[in-house]
Amino acid sequence: MQIRVINPNTTASMTAKIGEAARRVAAPGTIITATNPTSGPVSIESHFDEAISALGVTEEIRKGEREAADGYIIACFGDPGLLAARELTARPVVGIAEAAFHLATMISTRFSVVTTLGRTCIIAEHLLQSYGFAHHCRRVRAAEIPVLDLEDDGACAVSRIIDECRRARDEDGIGAIVLGCGGMADLTEEIGQAVGLPIVEGVTAAVKLVEALASLKLGTSKHGDLAFPRAKRFTGQFEYLSA
Amino acid sequence: MQIRVINPNTTASMTAKIGEAARRVAAPGTIITATNPTSGPVSIESHFDEAISALGVTEEIRKGEREAADGYIIACFGDPGLLAARELTARPVVGIAEAAFHLATMISTRFSVVTTLGRTCIIAEHLLQSYGFAHHCRRVRAAEIPVLDLEDDGACAVSRIIDECRRARDEDGIGAIVLGCGGMADLTEEIGQAVGLPIVEGVTAAVKLVEALASLKLGTSKHGDLAFPRAKRFTGQFEYLSA
Amino acid sequence: MQIRVINPNTTASMTAKIGEAARRVAAPGTIITATNPTSGPVSIESHFDEAISALGVTEEIRKGEREAADGYIIACFGDPGLLAARELTARPVVGIAEAAFHLATMISTRFSVVTTLGRTCIIAEHLLQSYGFAHHCRRVRAAEIPVLDLEDDGACAVSRIIDECRRARDEDGIGAIVLGCGGMADLTEEIGQAVGLPIVEGVTAAVKLVEALASLKLGTSKHGDLAFPRAKRFTGQFEYLSA
Amino acid sequence: MQIRVINPNTTASMTAKIGEAARRVAAPGTIITATNPTSGPVSIESHFDEAISALGVTEEIRKGEREAADGYIIACFGDPGLLAARELTARPVVGIAEAAFHLATMISTRFSVVTTLGRTCIIAEHLLQSYGFAHHCRRVRAAEIPVLDLEDDGACAVSRIIDECRRARDEDGIGAIVLGCGGMADLTEEIGQAVGLPIVEGVTAAVKLVEALASLKLGTSKHGDLAFPRAKRFTGQFEYLSA
Amino acid sequence: MQIRVINPNTTASMTAKIGEAARRVAAPGTIITATNPTSGPVSIESHFDEAISALGVTEEIRKGEREAADGYIIACFGDPGLLAARELTARPVVGIAEAAFHLATMISTRFSVVTTLGRTCIIAEHLLQSYGFAHHCRRVRAAEIPVLDLEDDGACAVSRIIDECRRARDEDGIGAIVLGCGGMADLTEEIGQAVGLPIVEGVTAAVKLVEALASLKLGTSKHGDLAFPRAKRFTGQFEYLSA
Amino acid sequence: MQIRVINPNTTASMTAKIGEAARRVAAPGTIITATNPTSGPVSIESHFDEAISALGVTEEIRKGEREAADGYIIACFGDPGLLAARELTARPVVGIAEAAFHLATMISTRFSVVTTLGRTCIIAEHLLQSYGFAHHCRRVRAAEIPVLDLEDDGACAVSRIIDECRRARDEDGIGAIVLGCGGMADLTEEIGQAVGLPIVEGVTAAVKLVEALASLKLGTSKHGDLAFPRAKRFTGQFEYLSA
């Protein structure tokens, strides 16, 4: 089985890191193809960054379809372009935010999220509401670190995340913590050891969920509102999408 | 005051129609600039079409900022790119779906939506949930007409919409109907007369709401999560967005 | 267009202030008639005050109908008598709480309310729930000042409101603040400058919303549950309402 | 114990009927004082009727306080003036709609409401939402009979109610039915026998709940937002309320 | 009328105390039979304890049916086995958590819960959500005392509960407090005097609610999903349940 | 990895069938141990059956702990005893209802449930509410077949389920169907082919989710409310649980 892990931002080092994390948990026989769009923001920290990156996500899905991918992961915690991506394929597509939320509810009754910048908390809150997990999440917290600091070993990103996770553990009345950024995919173990409660990380969670769906032959439903988009004309730079 | 009415699809005749409808209700002194992206889908009938069109919406906001627009309307019923657009400007930005929902709740206790294709109902349902109006809307109905049939006088689009509105009136226990497509902007009066209860149309609603916000000097908050996006590098075709 | 701004309490100075605030934002051609019932509480700070004032509100609507008003505003933050008022007219009727909530959601993703006395917070909370904005409001805060202190220049009302608004700004993770009392209608600018984020005030918001509805010919729906009340007999002091 | 059962409308025959129903279920030692305002609508079938009747309700509470009532019932299914009434007394006050809803959830997992006119369904829906029972009620149904037809033996009111109750039983997937009008207080047994599932009637439910609260010495909390209203001046016809 | 008060744990002293509390508020003519299963946990402080105790609850209901009980109370704050119990009888069955929540909403607009151990807060939160009272409860607080400390006069349980109740009063913006453990049934008055706002205790609340339902001849609906369980075979130690 | 699949009822043929279905989808290296309690109901079709079966579920978890199981599945659609089971182990525990709901939301925006008897629909509705999926499920439908008819080849169970699934497909506006009974685990493919949209079955879904959690080393959180139960005394037949 080939899973295409799409890092929606264009920072290759993060893509590599995410691919590594995915491979570490992939089942024997699962091939992880980590990829990112060539065009887009180097990090995703706003609704605008999300909107731009959604284009890249759909491009990567289209590439994946040509390359016979068996499933897809959108490896940014805002799950940008998730429903659009689903329309483009009959294969399973899983976002890392939803993946982490789903698994967190199976091992705890309440969890908190620790993400990067405060301004992105609203993105997680909107997703929690939309996915139905608003009551299961006690609080969305920000360590106030820019995403790319996670690529910079000199930055104190990890220690700030651990500090925030400890506050979540001590103040929020929770059983688990969800890490709110794809760029934290390599930190799960370190954070878990420092914090002492289960840490749910989205990239790894999504790998297992796509494997689960694919092995059950459960692909995106093509009945109803996630059916392939109607063929139509696109103009300008998107003319190539016309059918 | 200059309001930039952005038709997120690229069908010029629809843009013109929407501009016309906007001008009919604009206050004296309001200049309506109706525009659409040069690149994108000719109609928006899926999550994918929405994702592509969101790019065009943000482009049009950026153009509007250079041309000193005083406010913006996103004239597609899915409000594509709304939060991204808001980040790009300190001016008010209003989507036509939210505009119609807001006004509908002020003249009725319960309303229904009549939109184009069944597959787009989920988009309206998601918005209703996110905006807080899930309980105020009895039902989202589709007349099962493609968007571009609204541009085709020969098509029986209007009569099908009227039929569906009448069913809503007779079966749903409502006081008003929201029209669920920017392409219906010129039909409000005809439908209203045929159906006999208030018809709330989003383009016209949004014009008045942007005028309202602008005259109160209420622009998009730049405090918190709708602040301008952090300057960062974009790659590839989006390099021009780098700062 | 004539808009009847009904101050539900009977303090003439507050009515005048509210009228002033309304006129400052009214469109050319809009005539603001600020009025208050002759009978009722001098301020509204409880459910009981609200119930009594609702009578005055309906009286003022009835007067407005005889005087051919084109729309109505209920200028008390509890929106007392709102649905009753709507039944009495085919014109638009907007409460200042709902007006402020609606506009606040268009310029921010989350807002807080700053009102007068703590005991009235529950009124705002009930309205937020009923209108669908419970998730958009982070917190309803009270500056703990009686309403009529807003009429007393010597009182430190303004500085206490500003202090509470600053706490909201710093602690609540919001983009905008809603002022929770019609008596604050003249303070918007001063508070806004002191606090540094958008301040949404209900009287002014409601003026623009009534103008919006009226110019779109959207009056209160007379189809369904906001239809004119059935003619019936009233007894005692209300016999004059019999039909 | 003296319970003051307040019929918010001014139809004496209905007051008598409600008093009768209350007395039939009252505990030994409970004295039922059935009363109605002298001024107000003869029936309550709209938000406007409710607003007017709320004044009468508060008047009756004030009388009750002078006459040392031990508890109060608001015997109209919209619970008009409920929170205002609670502010005026440290005794328990129970509305018949809430009373019926509460008890219905204790004997069934889902119930439906059968009320009088379709236009009043929204009142019950609003209450269900506010009280927290929106998910427990499958449907609010109207038999489409005016309230005063319940006073007219010749009218076919009862058979229409029974018909609607049977439809609720057969279509709604419920375990109990709530009767949605104080004027149905004498019909519980007849309807129950005809329909064959538990019928919860609000007047009788409220009697037992007030008795329950009073015997537990649980009166309306005077801590917080239901404290007695602040003393203040009232003007005009309400000057007598000044303190 | 005979009410069977079932203490789901097996600590006889607590059963006696609960029975006492029930008798103090029972109406003349109400016979309280306080009982507990012979098998089960001595206290209930986890989901597991609840699951085991639910068996005992159903056993006690079955005994009650043979002994012609007129109603049942499940006297543990998690309401263990409530719906199962209801299936087994056409008599009313009331849990003490639901009883307290219902009455608390009738005397206050917002309440808090003070329970024993922090780990049981989630049980109350789940019930509040399921019963519809999530918005009426500001906070579920734990005094962090094991249940059986309530049986130990030397323990400082009462003072810790009072401390937590005072914090609730001062910080939560509430009008009433719900005591979150059947073992607190004898402390209501002491706590109430120390805290100064209404204290709603579940055992006493449930007695009055069962009396209320029974006197209205409202038993558990046997129409629909609370009908008696279908006759079937049980195996092993439960073979005696076969029919 | 050893997964203990617990059929909470005591029908061995169903346990075998469930084990078969689990094995068909298990990963290489996953050992499925299908088991059922020796004591309990032969089918689970009521809250009472659920309560009894929860005991057996906890017994099976305790056995599994002694036998070093790596994860657990509760293979009855009501997820009986789920939270109790989670307290007893640090391994993952997944219920088949939650498993199916989670996966269904990843391949469709809206789904319906098709279960056995109408009286059990409420169980699924309660779970949907509690898990956060109430808005994602359009409707819970019953084919009105007793559970054990699924064990009887002569019964027309399958064709009735298919009929109900087709109605769901045609009437509910959904993209997927969740099968609402562990006893349907062998029917997924047949139903899927007959109905033509994705069928999510809980036993198979749960196998993949437990594998996913276990391979991520995500076990039930022992921090907070799912920690192992406090050691305490149990009496009577449960004395063996004392610690």
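Should a chain be cited, it is by its letter among A, B, C, D, E and F, assigned in written order, with residues numbered from 1 in that chain.
Following the convention adopted for this analysis, a residue touches a chain if its C-beta (ideal position, glycine included) is under 8 Å from a C-beta of that chain, and two chains touch if they have at least 3 such contacts.
If you want to know which protein each chain is, UniProt gives these names: A, B, C, D, E, F = Aspartate/glutamate racemase family protein.
Nothing here was measured: the structure is a model prediction, and the numbers come from that model.
Looking for a copy of the C-D interface in C-E, E-F or A-C, one arrives at E-F, which has over half of the same contact pairs by residue number. More C-beta pairs touch across one of E-F and B-F than the other; that pair is E-F. For the pair subunit A and subunit E, the distance between mean C-alpha positions equals 43 Å.
Subunit A and subunit F have Cα centroids separated by 28 Å. Touching of two or more other chains is recorded for residues 83, 86, 109-110, 118, 121-122, 129, 134-135, 173, 224-226 of subunit B. Of all residues in subunit A, only 10, 37-43, 45-52, 54-55, 57-58, 81, 83-84, 86-88, 118-122, 126, 129-130, 146, 224-227, 229-230, 232-239, 241 touch subunit B in the complex they form. If you check the complex, the residues on subunit C that touch subunit B are 25, 27-28, 83, 86, 92-94, 98, 102-103, 105-110, 131-136, 169, 173-176, 196-198, 200, 204-205, 208-209, 211-213, 215-216, 218-221, 223-226.
Across the complex, subunit F is touched by residues 118, 121-122, 129, 134 of subunit B.
Residues of subunit B that touch subunit D in their complex: 109-110, 135, 173.
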